[in-house]
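Note that the chains are named A, B, C, D and E in the order they appear, and that numbering of residues resets to 1 at the start of each chain.
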Amino acid sequence: METEKRSIQREALAKLIEQWCREGKRVLAPRKSGDKVDFDRVTSLSEVSFDHVQTVQSPKSAVFPRVEELFSFRSADGQVEVRDRELDILPETVVFGLRPCDAAAFAALEAIFNWDAPDRLFTARRARTTLVAVACSRADEYCFCTSVGGGPGAVAGSDILLTDLGQGEFLAEIASAKGREMLQAADSLFGPALDADKESRLAKPAAVFAADAVAAVLAGLFADTAFWEEQSRRCVGCGACAYVCPTCACFDIQDEGGASGKRLRCWDSCGFGLFTLHTSGHNPRPLQSQRWRQRLMHKFSYMPERQGVLGCVGCGRCSRGCPVDMNILEHLRAIAEARP
Amino acid sequence: MNARDVFKPFLMRIEQITEEAPDVRTLRLVFQNEDEGRGFIFRTGQFGEYSVFGEGECTFCIASSPTRQGYIECTFRKAGRVTSALAALETNETVGFRGPYGNVFPIDQWQGRNLLFIAGGIALPPMRSVIWNVLDLRDRYRDVTIVYGARTVADLVYKRELQEWAGRDDVKLVTTVDPGGETPDWQGEIGFVPAVLDKLAPASHDTVAVVCGPPVMIKFTFPVLARLGFAPGDIYTTLENRMKCGVGKCGRCNTGKHFVCKDGPVFTFAQLQEMPQEY
Amino acid sequence: MARIGVFICHCGENISATVDVKQVAAAAARIPGVAHSVEYKYMCSDPGQQLVKDAIREKGLTGVVVAACSPRMHEPTFRRACAETGLNPFLCEMANIREHCSWVHEKGDATTEKAIDIVRTLVAKVKKNKALQPIQVPVTKVALVIGGGIAGIQASLDIANAGHRVILVEREPSIGGHMSQLSETFPTLDCSQCILTPRMVEVAQHPNITLYSYAELESLDGFIGNFKARIRRKARSLDETLCTGCGLCTQKCPTRKIPGEFDAGLGLRPAIYVPFPQAVPNKPVIDREHCTYYRTGKCRLCEKICPTQAIRFDQLDEIVEVEVGAVVVATGFDIKHGDFFPEYGYGKYPDVIDGLQFERLASASGPTLGEIRRPSDGKVPETVVFVACAGSRDPAKGIEYCSKICCMYTAKHAMLYRHKVHGGKPYVFYMDIRAGGKMYEEFVRRAMEEDGVQYVRGRISRVFERDGKLVVKGADTLLGARPMEIEADLVVLATAAVAQPGAEELAQKLHVSYDAHRFFSEAHPKLRPVETNTAGIFLAGACQAPKDIPESVAQASGAAAKVAALFSRSELVREPLIAVVDRQPPPVYSSCVGCFLCQSACPYQAIEKEEIRGRDGQLIKTVARVNPGLCQGCGTCVAFCRTKSIDIQGFSHEQVHAEVLALLNRGERDA
Amino acid sequence: MNALREKARELLATKTVQVVIGYAPGSGGAARALFVREAAQAGELVFDETCLQNLAAYLMKPEVRRLGRAALVARPATLRTILQLAAENQLAESSLLALVPGADGVLSLSTFSAIEAHVAAQDNDLSAAEKSELEKFAAMGLDERREFWQEQFSRCLKCYACRAACPLCYCTRCTVECNQPQWIPVPAHDLGNLEWNVMRAMHLAGRCTNCGDCSRACPVGIPLYLLNQKLCSDVLSSFNQRSGMAARADHSLSTFKPDDPEDFIR
Amino acid sequence: MPDFQPKIVAFVCNWCTYAGADLTGTSRMKYSPQVSIIRFPCTGRIDFMLLLKAFASGADGIIVSGCHPNDCHYSSGNFHARRRWIIFRGLLDFLGIDVRRVQFSWVSAAEGAKWAQLVNETSERIRELGPFAGYQRLRGLGVG
């Protein structure tokens, strides 16, 4: 679809958010709380943070909540009745103010959840979610979208991409049918396209490595135990990287509430030692180095090969969120440079 | 159309419970909804997710043969939360089942060949499905040899079926128990499965071997088979990696780029040699 | 595949008057897993029990809940009934709907609801119960008695006379303990040695008693019925099998001026010596610290003179290992010495002595042959001041407790002094007179009234020397705290009775607990006074708290009776309600991480370290293990374990967790 | 800093240790852990106020243990952590030595008793600021406190970064991973998050050495340090005990005094 | 809230409080039926997690009771429990959880009357505090 260019003033943007709220939409946007910025439900533009580089968490919970009921069940006298989740009550959601990298991440989630058997709840949530991204005017040392095929002003993935042009004016690029629908519902709030230099407004994170080069090296790196031990020595094996990651989608399935309860899906991480533990006590990935390798391999080798999409969008959240500074960019650069 | 949620289990009624060994039992399950049952097709080697509502799901292969229709069976050892709850259920109670998942033993390709089944302990169930499958189509295959070992005599599962196989003249059955696991009246072999296999030295010519057992047994059995001249492509096994979803999403069962739940659980030794050691 | 039977008792009308038992039975029948639910008038009656038994057999029950009275009342009854049918007795639980429900609430729906709640809770529990087997512990029928004072002697003789072997270990060269040092005993004033020495000889000659004198406990491992003791037999420098006890060596030994322990430092002994003439065994020991040969390499006079060539200068300590089933600790007490009383001039003035020293002065076998002569110049003292509570009952000195024996022996001392020194003036300074005991009060009164002992109620503040006299400054608090000064020739301090110096170390070897004053702790202050918290280890005598002779002997006999009871069977059968630590097959072995917080929490030292090693002997990990012989099943360790690796049978994590959920989730199906 | 590098070089060159665990400059102006295994690499070591991580956590990692004897650059809380781990039977005295950078060079503490002596001399109290923050909390109303924590815990992702960063969370099976029974719900919902955080705080009571790594590790910024400091302060005021003061067992929660306070017990 | 009947769980030791509650029964003293007892060998066995589980399962109040100091059947289980509760109470209070909902006590086997009184007073207090709605709300899942 051809990208349509329009503009919108800050005041109109405020009205747009109010309109979404009036329509009963759940609006998730970056909000500042203490020294952290994170996605939260907002009802007005004034609550939205624009000047941050990146939020702590990704917007993936809009389509893949950290706890989600798959269905509920009731048991009586040995008989069970299963009740599907009602899809109709899932909220129409606008994720506002996400970054272009975050918007790109939804394609990776889509690939994971729907590469084979479609995931009903994910699909339903995704269908009800519209992404109104804001291009990056700043990047930090952790950002590397340009190394993984994205960019601070990349439109791909967004339904609408806004770029702050200064003086309360935004460039609005309408990039999908959903975006167009959104535009049509509030056409009067948008102005005509402006003749502005979008590029000059954007951050310029340097491309540090080539993703296909990393994939090529990784293909031969699995057995290099020493390499992975060296890389991962500092890693303490928590799930922070996976949980803040916009594309990490490993999950666990748990029942709660007794025999008349719910089956839940909740986030999990391949970094946890017990993630792959067999009941017998055997563990295919007993060491942290193996789990670190799995994380990188999965994103940069297995996903491109099996699902045709890179499992990383370069948002840098895992590096920012890591308690021990396992800076992924450094490690990827090291991998890219590991072999010719 | 509102497609069936991949996570939504079929409701199954426990039709029969068989005690196999200490803490090991077999459940025979039938579909509560007959339409669902009629539409259900599986092939040998496939697995499913079995659930006790309120406790969770666990993964077992389907232990019955597709040739026996109208029910599926699973055999499990009581170990964790779900298997303990499963073991506490009575006949006519409900369990959930999702499946069938995964690939299959290519028994059609094995037609006209000799078959050697090697199993250890609680890993006989996946083998039982394929054994009954070929026995029910006995004339398509040549010699059928089964080598089965467990820690002790009590730990041997499917005792009634072992007796039946032992009594058939178109099946050669060798059972063994670990040293110290024998009873005074034990007639079978005493020794670990690889050693017994070594002694038995079955001919590898035109023979397919299927190996299921704990990782350590598999590790020591492959070299014996290789010595006996089995081609890696003629040795089959099933991997038992931990799974949650069974449908290639949850991220647990990968060995390298392979999803055990989708590309497996059945692999040949030739395939395993190409795969990273993550199982 | 739970098939639980619920049996609801009316208890006549005790339950059914306020609880609608039919409704309870109907509600119980609806609980998942309940295969059978009935109510009956008297469940504990024979027909009631038969009802339970029949149902177990007919319905193939896998668990039983009897909703009736308190399990403290009838749990054994119903468990026995279950066992008679072949159902493991630990698959039976009682739901207390009488004491905790029908008797304490008014008739009504709420009461019936509560009864249902209780039944549901116990059904949930019993579903998680496991068949348990009683623990059988073999018993080695040999007792180890540590300490050869009167308590140890009594315990040894009682156990030996019950037909069991005894190993008696005494630290000193002879048994006898403090009692052998005493002159006369209160309240009868019979001669201590006259009543003690026959017992000592009996010990020496008893075929069931092996005596290791001059020996100490090196270590004790194991648990009730199965202890392994290592005993260090200190080198006597003598072949005991050859020595006849003729005494030639002790007479000829050139090193003779060593203050003797037996005479509390008032008499002298040679370097090779027998502590006292009636010693058992009557074999000398060389005091290597003072012996000329050991100090200079020359002498060996005793060796030359010994008619049986029994002297062994190169003898080494010997470690003896014995297996015993029970231990009686009878290590006695000590008294405070030395600079503990600078204000009384103790240690500074030779004529300020302690009670034990006075015993030796008064003893016919003592350094003065029973004449009261003061240590400094041998003069017969004309005025003697006895000071009770020297250190005892004195929080400022850190001894809050009453030493219990001082009032009586001080009265005895004053009397003995008056009997021996007819014109002598004895004064006793006291705080209170504690003379509880048969003929005790009468004895003290006799001292005051017949023997003219001057009792002054008050503390003395100071003792100092003036013109060859010891000036005792005090106050008579009965006379308005009138200051007093007495010029005395001898001052006798009834110093506090304290724990033996090595008590703490010994307690640690034995894994028994001890109190703030290092006296060993009994298992229960009232009901288990001779047991320790470590099963199979018992206490006798003053090692537990200051005691006089009859009390020590009584406790010793009590301990002996406990040992005899323990030895009455060759196997100890215990309820299996004990803690167990997780074990799994390799590669996990155990979920225990070996932090051993449980070890410091266990009141019974039942938690041991187990090293798990691979086939190659490499240490894989060190994890906790519960010694089933020691564990008493309190479960304190369970609540401390962060990895939930310890569980307690009968009150397991799964059981209590299921109870909590079932109790609160009224009407919901429990999982 | 030069003294530290020099010392590291010497320890590695003389094979006294096989690895020096210290700090190197990391991303965003912070420091990160560095494992120096060759003397030549010692020049990368730094020590300044950005060096906050409690490196004792690595002593519990099997991959690090396999490297051999370690010299650990230690902050005050690190030293206490070492002692606490020793008291919990987790560390062999021969497996490590502690390097304490100071104004006049680097102190090398190779025995537990040396560490004990050093710890005894350092200030182990909560800081004035920490105390006053606790007081501020105590002064808050019950509802206010509840709302505060509810909001904080609602953000908990159960990523277990707090646990992974904590040197005393070395259990190979955490209570949250026990499912027979399921003590703590696995999902990161309100109940699961509250129970998880209460459980962790209780399990650290009397053991936590207040290094603060749990809070620093938390990606969503839950002030977990408050819980630990509260419990440190309670353990001190109620039992007069402090964790990590000695290498032998002196556990405040598995020991007792007969006269412990009990004004709340009827 | 006059109609509110609180759910109260009592965690008690077998040797003192359970026996004391038995004595209440044998003495036919009456108390509020909202309290039900779960028996433990010793207060030392009572895991704080069980208290959390009770609240999560809908308990409005909790009683924890065992032997008086020095009377513990196992000599020191109650001392260990006491330390645990000191810390646990402090933590709950710090988290804004009303510790008035957890009553700790020592009730000996001879104190049947004390048990009845304790139950009645605790029930009354919990009734005044009302349902533990704040905690029970946590049971509902925050599923977005």
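Keep this in mind: a residue touches a chain if its C-beta (ideal position, glycine included) is under 8 Å from a C-beta of that chain, and two chains touch if they have at least 3 such contacts.
Not measured: the values here are computed from a predicted model.
S.K.: Would you pick out the chains that touch subunit B and also touch subunit C?
M.R.: Touches both subunit B and subunit C: A, D.
S.K.: Report the chain closest to the protein's overall CA mean, measuring from each chain's own CA mean.
M.R.: Centroid comparison flags D as closest.
S.K.: Give the chain pair, either D-E or C-D, that is connected by more C-beta contacts.
M.R.: Between the two chain pairs, D-E has more contacting C-beta pairs.
S.K.: Let me spell it out: compute each chain's centre from its C-alpha atoms, then which one is farthest from subunit B's centre?
M.R.: C
S.K.: State, to the nearest whole Å, the distance from the C-alpha centre of subunit A to the C-alpha centre of subunit C.
M.R.: Between these chains, centre-to-centre, one finds 68 Å.
S.K.: Measure off the straight-line distance from the CA centroid of subunit C to the CA centroid of subunit E, and report it in whole Å.
M.R.: It comes to 35 Å between the two C-alpha centres.
S.K.: Starting from the mean Cα coordinates of subunit B and subunit E, work out the distance between those two points in Å.
M.R.: Chain centres of subunit B and subunit E, defined by C-alpha means, are spaced 50 Å apart.
S.K.: How big is the gap, in whole Å, between where the Cα atoms of subunit A centre and where those of subunit B centre?
M.R.: 39
S.K.: Would you give the residues of subunit D that are in contact with at least 2 other chains, written as numbers and ranges?
M.R.: 172-173, 175, 180, 183, 187, 189, 253-255
S.K.: Residue numbers in subunit A touching 2 or more other chains?
M.R.: Residues 67, 75, 78, 252, 254, 256, 258-260, 264, 280, 282 of subunit A each touch two or more of the other chains.
S.K.: Which residues belonging to subunit E are in contact with no fewer than two other chains?
M.R.: Counting only residues that touch two or more other chains, subunit E contributes 48, 53, 70, 76, 80, 84, 141-143.
S.K.: Which stretch or stretches of subunit E touch subunit D in the complex?
M.R.: Touching subunit D from subunit E are residues 48-49, 52-53, 56, 69-70, 76, 79-80, 82-99, 103-106, 118, 134, 137-143.
S.K.: Under the definition above, what is the set of subunit E residues touching subunit C in their complex?
M.R.: Residue positions touching the partner: 5, 7, 9, 14, 18-19, 21-26, 28-34, 36-42, 44-48, 50, 53-54, 57-59, 70, 73-77, 80-81, 84, 116.
S.K.: Which of the residues in subunit A come into contact with subunit D in the complex?
M.R.: 34-36, 38, 56-57, 66-67, 140-142, 229, 232-234, 236-240, 242-244, 252, 254, 256, 264, 266-267, 269, 272-274, 287-289, 319-321, 323-325, 327, 330
S.K.: Within their complex, state which residues of subunit D touch subunit E.
M.R.: 137, 142-150, 154, 175, 183-184, 187, 189-191, 194-195, 198-199, 201-202, 205-206, 226-227, 230-231, 234-235, 238-239, 252-258, 260-262, 264-266
S.K.: What residues of subunit C sit close enough to touch subunit A in their complex?
M.R.: 32, 584-588, 661, 665, 668-671
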